[in-house]
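What follows are several structures.
The following pair of complexes shares a single chain, subunit A, combined with subunit B in the former and subunit C in the latter.
Right, the complex of A and B next:
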């Protein structure tokens, strides 16, 4: 976006983007909750989004910071949960396969957190818009 | 009839209107495979033009965001576009308010019943 005439939009917007990407990662995790791999392959690895605070933007006199950005995706356990499933075509000679080592409860909790954070940031945008609007109406006559 | 300030505000309104149009186009194509989000920039050009004393040289340039694309080749970010809509709307309002002020001054100067 352009120069920060309305800096809250930039800051809250960065959080919207970050939490949208987090929700994408959670969606990917939940989509792969039943992905089975053979023993000679790594299991599906849980996706973790690493977020980092952004430095102050230019023109910010007190240094309130510039929002947040996703900087990396870290991958979880590649060992997975080794389970005995001899019927599975991917099973090795001992009847073992790899399932992802993820807790669906954790994923759902994270999904709620990400969704709430997204909504909160939208609420921030809305309040800021109202405030800026009031400022624009100072001159009304 | 328009002085430099009014011309500058008018150029700014033109640029902001173009940005609103592009934002609307981006949102309309948020699910179109292969569509790349467009941006509008004019502020730097307008600023330079004002510095040169004539705003007619203001260029409204379009570009792309360069954001990573989805599986279907689309890279429109609906939240960013919505924010751009709100941001641009407020800027537009500020510019129209400035224009109103200029006309008020002009209007007041023509009044005889003061």
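Right, the complex of A and C next:
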């Protein structure tokens, strides 16, 4: 539900959703870090979340944006890292298999980024709530 | 000696007729009473409470995809309720103040 009264909650909420989905993608990447494919199949492709800013929400007088939304998932390298592993049951006659072409260090860095961004947006929600609460405490007398 | 007649007074001729003022509180064209405004505000509160309830139900049944969706909705519901209560308190206070007036 969009509430015209507290747009900051909608905006921060959209960012929370986006970063949760980014964390899902990173989880998928880390889960498949050891997924081996045979040479006639594409390797596990790293998942990238494409995020896009949202247009202003209704009732916004100055044109502040409306937050962020995940719009697509892009896939990484399908070639993978071709590894010589003749013991592997998936290996072809030359003993080659495909492993995913991604860096676990990158994934961990992204995971920290996603987690921190999620926390940041939670902080925004909390500050906004605090501010509104203080406005409610204004006493005319 | 001839006196030339007074022409249109500059400025006054260029004035456009008064536009109908729009009522901010009564979109249906009914009389804008504070009662109407309060009814609308209460409907707004009701809507945000309903939204929080729906999400709470989703959380209880394991259908909630975003944890923050519920907590934010609950915060919104509590804030709108607090705001309505504050407005009611001020309105009642003003009313009492007027009732205490010596005539």
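Following the convention adopted for this analysis, the second predicted complex is superposed on the first by the 137 of 141 C-alpha atoms of A that agree within 3 Å, B and C clash if a C-alpha of one lies under 4 Å from a C-alpha of the other, contacts with A are read in each partner's own complex, and residues count from 1 in each chain.
To be clear about the criterion, contacts are C-beta pairs under 8 Å (C-beta built on N, C-alpha and C of every residue); 3 or more make two chains touch, one makes a residue touch a chain.
The model shown is predicted, which means the values in this text are computed figures rather than measured ones.
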{"item": "Fit-or-clash call for subunit B and subunit C when the two complexes are aligned on subunit A", "value": "clash"}
{"item": "Which of subunit B and subunit C A:16 touches, first, second, both or neither", "value": "both"}
{"item": "Partner chain(s) touched by A:125 [first = subunit B, second = subunit C, both, neither]", "value": "both"}
{"item": "Partner chain(s) touched by A:6 [first = subunit B, second = subunit C, both, neither]", "value": "both"}
{"item": "Subunit B versus subunit C as contact partner of A:136, first or second or both or neither", "value": "both"}
{"item": "Touching partner for A:41 - first (subunit B), second (subunit C), both, neither", "value": "neither"}
{"item": "Doubly contacted subunit A residues - partners subunit C and subunit B", "value": "1, 3, 5-6, 9, 12-13, 16-17, 20, 125, 129, 132-133, 136"}
{"item": "Residues of subunit A defined as touching subunit C within the complex", "value": "1, 3, 5-6, 9, 12-13, 16-17, 20, 122, 125, 129, 132-133, 136, 140"}
{"item": "Subunit A residues within the subunit B interface of the complex", "value": "1-3, 5-6, 9, 12-13, 16-17, 20, 125, 129, 132-133, 136, 139"}
{"item": "Complex contact set, residues of subunit C against subunit A", "value": "44, 47-48, 51, 66, 68-69, 72-73, 75-76, 79-80, 82-83, 86, 90"}
{"item": "Complex contact set, residues of subunit B against subunit A", "value": "41, 43, 77, 79-80, 83-84, 86-87, 90-91, 93-94, 97, 101"}
